[in-house]
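For reference, chains read A, B, C and D in written order, and residue numbers begin at 1 within each chain.
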């Protein structure tokens, strides 16, 4: 017991570093994939080789910028909001198992923890939107809250379906429970849950086609309009951390986690998460965005009923088998 | 003189429009000439809405634009409206003269909703007041702008502030 | 209001609707159509040209910057008069020259304010004496407003970048074609330094000193013979139409070109000398920017031109971020062999 | 109240009214990602719903009509490139035609055909850009890059011929400046072929996309009579279902000789306006092909010099540019400079219909509608 207590800070630091450093490949992939699908090359100069140093350069650029707090803003809330966004997003990393036994904090309720923390982001958005005292942030904040509430439900329903199928909330056990070969849940329950999960992920991280809260062609940057410098990239970092965390959870829930032939588990895990992330980026830069009311209709009239039916179906399925 | 005559459809309908206008407006139609494929009708300023309403009823439904012309020598402004008939492919220009010291002409935004901005533009550039226009505010110019830039006596400052470099050197 | 009685053909919209009906077998299926398009693009080669080290070749007519040929300017002020932006400043004075009846104008100052210039080309068009030319050069920006006012020395320097006007299409007016050909040849003879009076003098003096020093003229004779042959056969067309210094210079230049270090030689990069003068980059063959070898891509062409520029200046080309010499090595080898 | 409005600035008045009602006034622009420059839209919002919206212009007013009164025809063509910089060549041609018609100059056929080729290439470039940019308005980040890329092919041709990509200044009174350079003909057919494949791609990329259809179908419906009333022209008017096209109606540039269709829409919503432009690109390709086929030999200019004076008279010449009816009402008193030149631009009238279109829509629709009108702020403000 004392040993694990001693290791706690070490584990914390490692988790933090993983969360922080994983943003570098994500940002680089984002820049490069988006560039190539736009028929561009993307960054080419920093770091000599194909702009490999661009994420670092971006970071340095942003922290150099002046940190502006608008005069009319509610300063303490305004300053606090980025941290409230960032910390839960990083916290999710603590319970994600990368390989058997390789996890920040093994928990029986890991899935619940993930879902709970990802909802905290909504509070940060509201704080930012309210504290900025700007009309664009107000519209963006209202949209964001509506959206996160609407899409938290399908996300939970998708995850709960899997938890029910696996009979556990522990991510490690969910991976173990997935049938051979590596990723198979009974049809159609798994497929529906997957669909719900993926769609809600887009909405959770505010990426197109569900990026109305930050729709740059309508309301500049939504809740983040008034932010600059360090605080602005905190939001972005939390967004990226969210993307990675949700991709990792998606991998664990649906793609069989670290399981795979020949290659070591960690490699498999990273590969699968990367595939998830690449798909996210690809769709993000391709699709136009829906309108706010269409998005709400989509969630409440289609996804949530679908999720409920799915959960019901799984319950019946579980009883029968 | 014009090398390109308007299309046959336009020609007949222009004459038709002219005769119609003559019948309906009577003496108010001061002058009607056909020039370069368009009918130029001159009416007194107070008959402007009526004329345009007639033209609209005759099928000239496309409101092209309205603008002013400054003739300081003759002490008058011209208000020119241009309408187009998509059916007959004919164009009619309606002109009315307003005195330069009291330029007032009734608005036509009740006839053509699109005249709104064009009249505002003419108002701010020439100072021609369109009586009855509900939103006669600056459109293109800033609020602090004084004077009416398109009048001939308004000097284009870009051509005054700096000496012309094209002046041939002496000596 | 009458309804428009024109025949309306909305088949375009109908087609699209029909297409949608055909395609949308599943709801939201069209999204994958979009994603297919981006995926295809992602896997194909990007169209980006990495500007500072890769350059596309600009067309000859590109209006990049206005170059001045001071010798041709008669200070007639037409350009300055017709400039819509009033951005050309000319100063001059009258001089009575011996042997001339009337006093002649002499140019004191010719400056163009590129902060005002709108690149309309009117000055070049109205110039009756061909003193102004467009060149595709475009890298003359400045951080200050004053820096955008370029005086005649800089304008003159840009003559090096002027390209010969392109020949016209085959079915163009024959007269226009002929004129264009004349202009083309005139320019081709002196793109990299139009031959001016001063050059002629320099060349003449250099030839004289060379003769006095007893340098062997016969080898010079051989190489001077090769010069006109390598250049496109143009002097025939040029001779009647260009009574300007160019013809005289052409006669003077070949004799003068041999002493490898005369200023006129370094100017005349365009004439591909058989043996490269040792003034610059060692074993690189002379690159004639107007007569590049066939079958190379636009990027390589641009690079070759850039290299030619360095060669012209006698500087070593940069190796960072792209080593021009290394990249162009196959082409240079090919040109050599 | 009316006098209040007359004395006070417009915005002040609106704000005051709003203090009373409590609706939110959202200032979109003049510096905003989706207004293509410096257009400003003052929208009164009730939540996401737009109660009313009013464009505010003038941030880019450069007094072109005043400037033109001080300039000779040659200088004016260079100026008018800057009206609508996305389709520069289309702006200078009608002015040249106006001067030519007043002076009774017969333009050589070869020059006419060359003008048509360049005109339609400019239209291709402009529409190609629109097709991409409109994706950005709806939030897709990739299409604008495709739009810019595609446009560049047509602009390359323009640059090869005229020397500049956008501000061509190539049309002259009595013809064009110079003939095409060698190798110009060979470059056109592959590029037309490219554009045809692009059209197919836009169909796949956006028109087939459900989200795109959801965002544009039934949004910003513009009935024909309203469109005519406001003087909306060009693709925007045709998308509403009436085939008004100056190329078919006026005799200019010999457009009567070419066989092409004037496609029209049937609903007049944003989707139709998009399809309209995609379809017009196709027709432009056809026109260029035909023009290339019957390009007669001969002179390309009547050689009107720099001292050309426009004879007295008045004339209105309109042309169908990519943004709509682009016309010049020229009143000349026999001097070099026009006495009065009214510049009728497509965008000005097209944007004037915005208060009608934006009423009772949603906030995101503002952007969708603004984008679908395909305006250029320089063209609005002049």
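In the analysis below, a contact is a pair of C-beta atoms (placed from the backbone, for glycine too) under 8 Å apart; a residue touches a chain by one contact, two chains touch by 3 or more.
For clarity, every value in this text was computed on a predicted model and none was experimentally measured.
Visitor: What chain lies farthest away from chain D once each centre is taken as the mean of the Cα atoms?
Guide: A
Visitor: Could you tell me the distance, in whole angstrom, between the mean C-alpha positions of chain A and chain C?
Guide: About 54 Å, centre to centre.
Visitor: Using CA atom averages as chain centres, what separation in Å is found between chain B and chain C?
Guide: 48
Visitor: With chain centres taken as the means of their Cα atoms, state the distance from chain C to chain D in Å.
Guide: 33
Visitor: State, to the nearest whole Å, the distance from the C-alpha centre of chain A to the C-alpha centre of chain D.
Guide: Computed value for the inter-centroid distance: 43 Å.
Visitor: Hey, what residues on chain D touch two or more of the other chains?
Guide: Within chain D, residues 140, 142, 146, 149, 206, 209, 211-212, 225, 242 contact more than one other chain.
Visitor: So which bits of chain C are touching at least two other chains?
Guide: 1, 4, 6, 31, 34, 37-38, 41, 47, 82
Visitor: Scan chain B for residues touching two or more other chains and write them down.
Guide: 61, 86
Visitor: Take each protein chain as a node, join two nodes whenever their chains touch, and name the resulting shape: line, ring, star, complete or other.
Guide: Other.
Visitor: Which chains are in touch, pair by pair?
Guide: A-C, A-D, B-C, B-D, C-D
Visitor: Touching chain C in the complex: which residues of chain B?
Guide: Checking each residue of chain B against chain C gives 56-57, 59, 61, 86-87, 162, 164-169, 171.
Visitor: Write out the stretch or stretches of chain B touching chain D in their complex.
Guide: 1-7, 10, 35-38, 40, 61-65, 67, 69-70, 80, 82, 86, 89, 91, 93, 112-114, 116-117, 125, 134-143, 149-150, 154, 156, 158-159
Visitor: For the complex, which residues does chain A have touching chain C?
Guide: Per the touch definition, chain A meets chain C at residues 33, 35-41, 44-45, 282-283, 285-287.
Visitor: In the complex of these two chains, what residues of chain C are touching chain A?
Guide: 31, 34-35, 37-39, 41-42, 44, 46-48, 50, 321
Visitor: Hey, which residues of chain C end up touching chain B in the complex?
Guide: Against chain B, chain C makes touches at 1-2, 4-6, 75, 77, 80-83, 86-94.
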